[in-house]
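Take a look at the structures below.
The two complexes that follow have chain A in common; it is paired with chain B in the first and with chain C in the second.
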Partner chain A sequence: MGKLLLATLAVFLAPIVGGLIAGIDRKITARLQSRFGPPILQPFYDVFKLLGKAPMMMNPWQILTVWVYLLSSMLTVFLFFMGSDLLLIFFVMTIGAVFFVMGALSTQSPYAQVGAQRELITMLTYEPLIILVFVSIAMVTGSFKVSEVFAYGKPLLYQLPLMFIVLGYALTIKLRKSPFDISACHHAHQELVRGVLTEYSGPQLAIIEIAHWYDVVFILGLVGLFWATSAPGMIILLVVTYFAELVIDNVTARMTWKWMLQSVWCWGLALSVLNLLWLYAG
Partner chain B sequence: MDILVFATVVLPFLAAIALLLLRDKGSRGLIVVGTAVVLAAASLALVGQGAFEYAPKSILGISLDGLITLLDFALLFVILVIAMTKLKNPLVAALTAIQIVGLIYLEFFMMDHGAAKAAPAMFADSLSMIMVLVISIVGSLICVYALGYMPAHEDHLHLARTKQPRFFFYLVAFLGAMNGLVLANSLMWLYFFWEVTTFCSFMLISHDGDETSVKNATRALWMNMTGGVAFVFALIFLQKTGTGLYLSELLKPGFSAAGAAALIPLFMLCYAGITKSAQVPFQSWLTGAMVAPTPVSALLHSSTMVKAGVYLVLRLAPAYSGTMLSGTLAMFGAFTFLTTSALAVGQSNAKKVLAYSTIANLGLIIACAGINTPAAITAAIVIIIFHAVSKALMFLCVGTIEQKIHSRDLENMRGLYMIMPKTTIVALIGVVTMLLPPFGVLMGKWMAIESAAAMKYMPVTVMLALGSGLTVMFWARWAGILLSTPYPKGIPAEPQPGTVRGPLVLLAAGAVLLSLFVPFLYGGLIEPAVRSSHKAAGFVLDAFNFVNQQGVFYIYPLFLVLGVGFYFAWKQARKVEAADCVGPYLCGAQSTGDDKAFVSTAGANVGYQASNFYLTWLFGEERLTGPINMVSGVLLAVMLGLLLGGVI
Partner chain C sequence: MLKDWINKGRLKSPWVVHFDCGSCNGCDIEVLACLTPIYDVERFGILNIGDPKHADVLLVTGTVNHRNKHVLKNIYDQMPEPKAVIAMGACGLTGGVFREAYNVVGGVDKVLPVDVYVRGCPPKPEAIIDGVVLALEKVKAKLEAAG
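Let's turn to the complex of A and B:
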């Protein structure tokens, strides 16, 4: 019962946390670029403004797909805080990712089409890595369940340092940060306009933004699993990791999807195999 | 028992003969639908009866063993004659001749026909019954669909005289052969039905009779014939070592303790399964089989032929459990899963995407058989069931779409909803049930990855993870294209013969409902099937959720939340008015009236085009097939080499 309550609470709090993280992200990024930056609550203002706009779309499928995306992201967070099966949670998250791409593909818009293809490539890049992260967690704790990680007693980081870097790749891709912001850049000034997001506007865009916040909370939850033994340790790990993401975002340029696929698969796989071998030998 | 075995195995052959003789359309429809109903009912009744052993002795005074032997030789001689006269293919002829010689040696120089039978000729446990259900229900639906499909197919070919009687003869006989195959305990019987499926598939693939189809059918024939040769060698080997030629003998505990003497025939049989399931490097016969009319592809891919291969590998799993063969099979299956998923990404031909995805799923099943834990065997059976339903559905959808838009290219399916809305929705259901939770295929994938991880089988796990990412890519892309449409102003009605729509709707409903009732399916059939070969069950049901040491898969919570959420999303989408809809964003200068063009500086309307990434530089057939065939050939050679190393 306690788990159910926690999970429900998490579903309510996740968008608030996710929005705040987005706000802090924008503030720090601005400072790194010698700008003043918007207020920390700006993402919420944006979303509320978007929600108030008249809906505009190309076809009804877009509405269907954004709602399914939001639903699956909420369910992902819910299952995570229920202490459920990591692989199952990931597959539930995939529902949202797939519907999000389907919505963009449904529009017959050249920018959205190209963006959707690139989004598919990003999925192709991070999905195997995240599965391998889960497999390595299962190898350490003997189970895919989140609750078992908390019951394990030692920080996973000790045994899975390389897997943490692999998760870092996935995190960067999922957060759409440079050098992997190839499907929908934060800064709408590139050749793709906003890629996979081009044809979403008003309330639909707001829903996508909220769903994205849920995703961010989930991915940061995964990062937190690597130091599940103490709350301060977890918070420090999260802050350090996220700050590292910001720095990487600001010091790198966007690379091509070919480069991303090849380099991330190579490095991600090499690191995963090394870490798994180490576990296997140990 | 007599009557049920008769209805599932012999009746389809009788119906096939009737279809050949009664050539008019009316009686054809009646026979096919009638057979379908009887088959489905008999398969359900068979399940109701429970496990059985059955030793039919004779029919009309002729010994059945003798009859099967006679038919076996007759069949091989027919193939030999076809190979020498029509095909003029020395390879097929040689492979057939080797089997004939081997069989003569086995039958007349090795076997003691007077001896008492060591075991019944037929038996059924839960695994056989699951197979009978898949064959009889999914297969029958495909035959019914063919009734609506074939007239349009023949119109297109402008035939002077219909070839449908012959077509339906092989189609329906195929079902009988498959049922015989999965119910056989005697390896001689199994071998006979095995060769019947090879022959039927050859005749069906070459049905249109043009040069390409004959060429592709011939390739299918010789590749499967190498499996047949391996099968005969396995029989001879087993006879030599004194093991009775019965599955039940191979499955006795401690069989593999005989070492290489046991493992070599097991490898031979698995090799036959691998050729039949079109695993790499034999994938080309199944992709080549796409030239056949769609019902043939659907039948080969979902409920027959390729499923016979994985059935045999899975059936033998307890016999090679814990041996090196098991581990290498897991590697081999995972390699097939990964590489054919990659090949599927590189395809824009919808049928080829389906074909490669079939091979990938079969690879996953073989990988699971190789992992050989109760959870992995559960995964294999789950995938067999759900893949059969969803893949049959997808093939029939593509066939229907192709007859309407005259293309099977994914790019041409943009805006399909405006032409055939009902089929589009059904196809979408097919894609979603192949790809996403909480549906069965995905559940099988979940079980497979978790059991590989539990075994700490690193290369297998890595290949499964990579392959899994690739599958998402090509299915998601296809689903998006199916949705691709401007605001639907006035969706047209979609007329369709009942024999086409019926199977489509039934299969779509089946794919969803079976997933919904999977806990009951598990308790009733899948768990008993796993328990018959392994001591423990793979999963326990806790409030209908699949639970084991490794993890948990929620069924009803997911169905409830996703179902309610999807309904809500659907409601929201229904509220959209035409007035809210606009054309795509084209950087400002949009042409009025044409959504698919922008206005250039010269004032002209310029169209644009966007298409999928197929990544052919990375995943194209030309790029990958060579290396894949080489690596998989080496894998097979290494498997055999290691086993032979044990003998010498």
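Let's turn to the complex of A and C:
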């Protein structure tokens, strides 16, 4: 019963936390570029404004895909805080991402088409890595369940330091940060016109933004699993990881999808194999 | 209550799509100057968006001619309501020194309903920010009139 309450509470709080993180993200990014930056609440203003705009969709399919994306992101957060199975959570997350791409593919805009293809390639890049992270967590704790990870006595980071870096790659791709922001970059106006997001507008775009906040909370939850034993340790780990993401975003340029696939798979798989071998030998 | 929040959002996050109807690039450089750390319009939630479907404000520079007036109208029609139009620079206002050329239609207001005119050749970045603020005040007045 307590778990159910926690999970429901998490589903209500996640968009607020996600929005605040997005606001702090924009503020710190601006400070790193020696600008003043928007107010912390700016993402909320944006989303409310978008909710109030006149709907303008290409086809009814877009509405369905957007809602499935939001529901699957909400379900991911719900299942995570229920202490559910990591593999089940992964499949639910993938359904949302696939529907998001299908919405973009259902339109005839070349920008949305190119963005959708690139989004599919980014999914192809990060999903095997996330599966490997889950497998290694299961090798250490003996179970895929989130509740078992929380019950495990030691921080996972001691045994899975390389897997943490691999998760960092996946996190950067999922957050759409440089150098992996190839499908829907905030700044790629001239080249892609927001890629997958081109044909979504008004309320649909707002829902996508909220779903993205859920995704961010879920992925930070995954990062938190690596120091599940104490609350201060977990918070420090989350803050350091997110700040590192911001710095990487600001010091790197966007690269091509081929470079992303090659480098992330090479490094990700190499680090994963090393860490798994070490676990197996030790 | 949701309506209040939406109205607040409308005033606090104007996303601008910038269309150049063949200007000399002077106005466009000044628009880009607004994004630099000196002026940093992101402080006010103003973002330069490439996609008219995400935008709230259409910022037009340059002379409108018979060829690009269709493109301009098309971009305007792709923006979801509520939206505002800002015409910028001498050319955007009246056609400027090109106003008597055979191919020039004249100001942006010959094609679209313009809310705010920003004067200058080119206008200073301060004037452009002023223009967006003025457009927002018009939006606010419209919202208050609508209740």
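As a convention for this text, the second predicted complex is superposed on the first by the 280 of 282 C-alpha atoms of A that agree within 3 Å, B and C clash if a C-alpha of one lies under 4 Å from a C-alpha of the other, contacts with A are read in each partner's own complex, and residues count from 1 in each chain.
Rule of thumb we're sticking to: contacts are C-beta pairs under 8 Å (C-beta built on N, C-alpha and C of every residue); 3 or more make two chains touch, one makes a residue touch a chain.
If you're wondering where the values come from, they're calculated on a predicted model, not measured in any experiment.
Shared-chain residue A:V251: touches no atom of chain B or chain C.
In the superposed model, A:M56 lies in contact with both chain B and chain C. Using the contact criterion defined above for the overlaid structures, shared-chain residue A:C266 touches neither chain B nor chain C, since it reaches no partner.
In the superposition on chain A, contact is made by A:Q113 with chain B only, not with chain C. For chain A, the partner with contacts to more residues, out of chain B and chain C, is B. In the superposed model, A:V240 makes contact with neither chain B nor chain C. When the two complexes are overlaid on their common chain A, residue A:V193 makes contact with chain B and with chain C alike.
When both complexes are overlaid on chain A, the residue A:S34 reaches chain C alone and has no touch with chain B.
When the two structures are aligned on the shared chain, A:L274 is found in touch with neither chain B nor chain C.
The residues of chain A shared by its contacts with chain B and with chain C are 54-56, 193, 198-199. By the touch criterion stated above, chain A contacts chain B in their complex at residues 54-61, 63-65, 67-68, 71-72, 75, 79, 84-88, 91-92, 94-95, 97-98, 101-114, 116-118, 120-121, 123-125, 127-128, 131-132, 135, 138-139, 142-145, 193, 198-199, 261, 269, 272-273, 276-277, 280. Those residues of chain A that touch chain C in the shared complex are 26, 30, 33-39, 42, 44-56, 188-190, 193-194, 197-202, 205. On the side of chain C, the complex with chain A involves touching residues 2-3, 5-10, 12-13, 15, 37, 40, 42-45, 48-51, 53-54, 56, 78, 80-82.
Chain contact summary for the complex, chain B toward chain A: residues 414-415, 435-437, 442, 446, 449-450, 453-454, 456, 458, 461-462, 464-466, 468-470, 472-473, 475-477, 479-481, 483-488, 549-554, 558, 561-562, 565-566, 568-570, 572-576, 580-587, 595-596, 608-613, 618.
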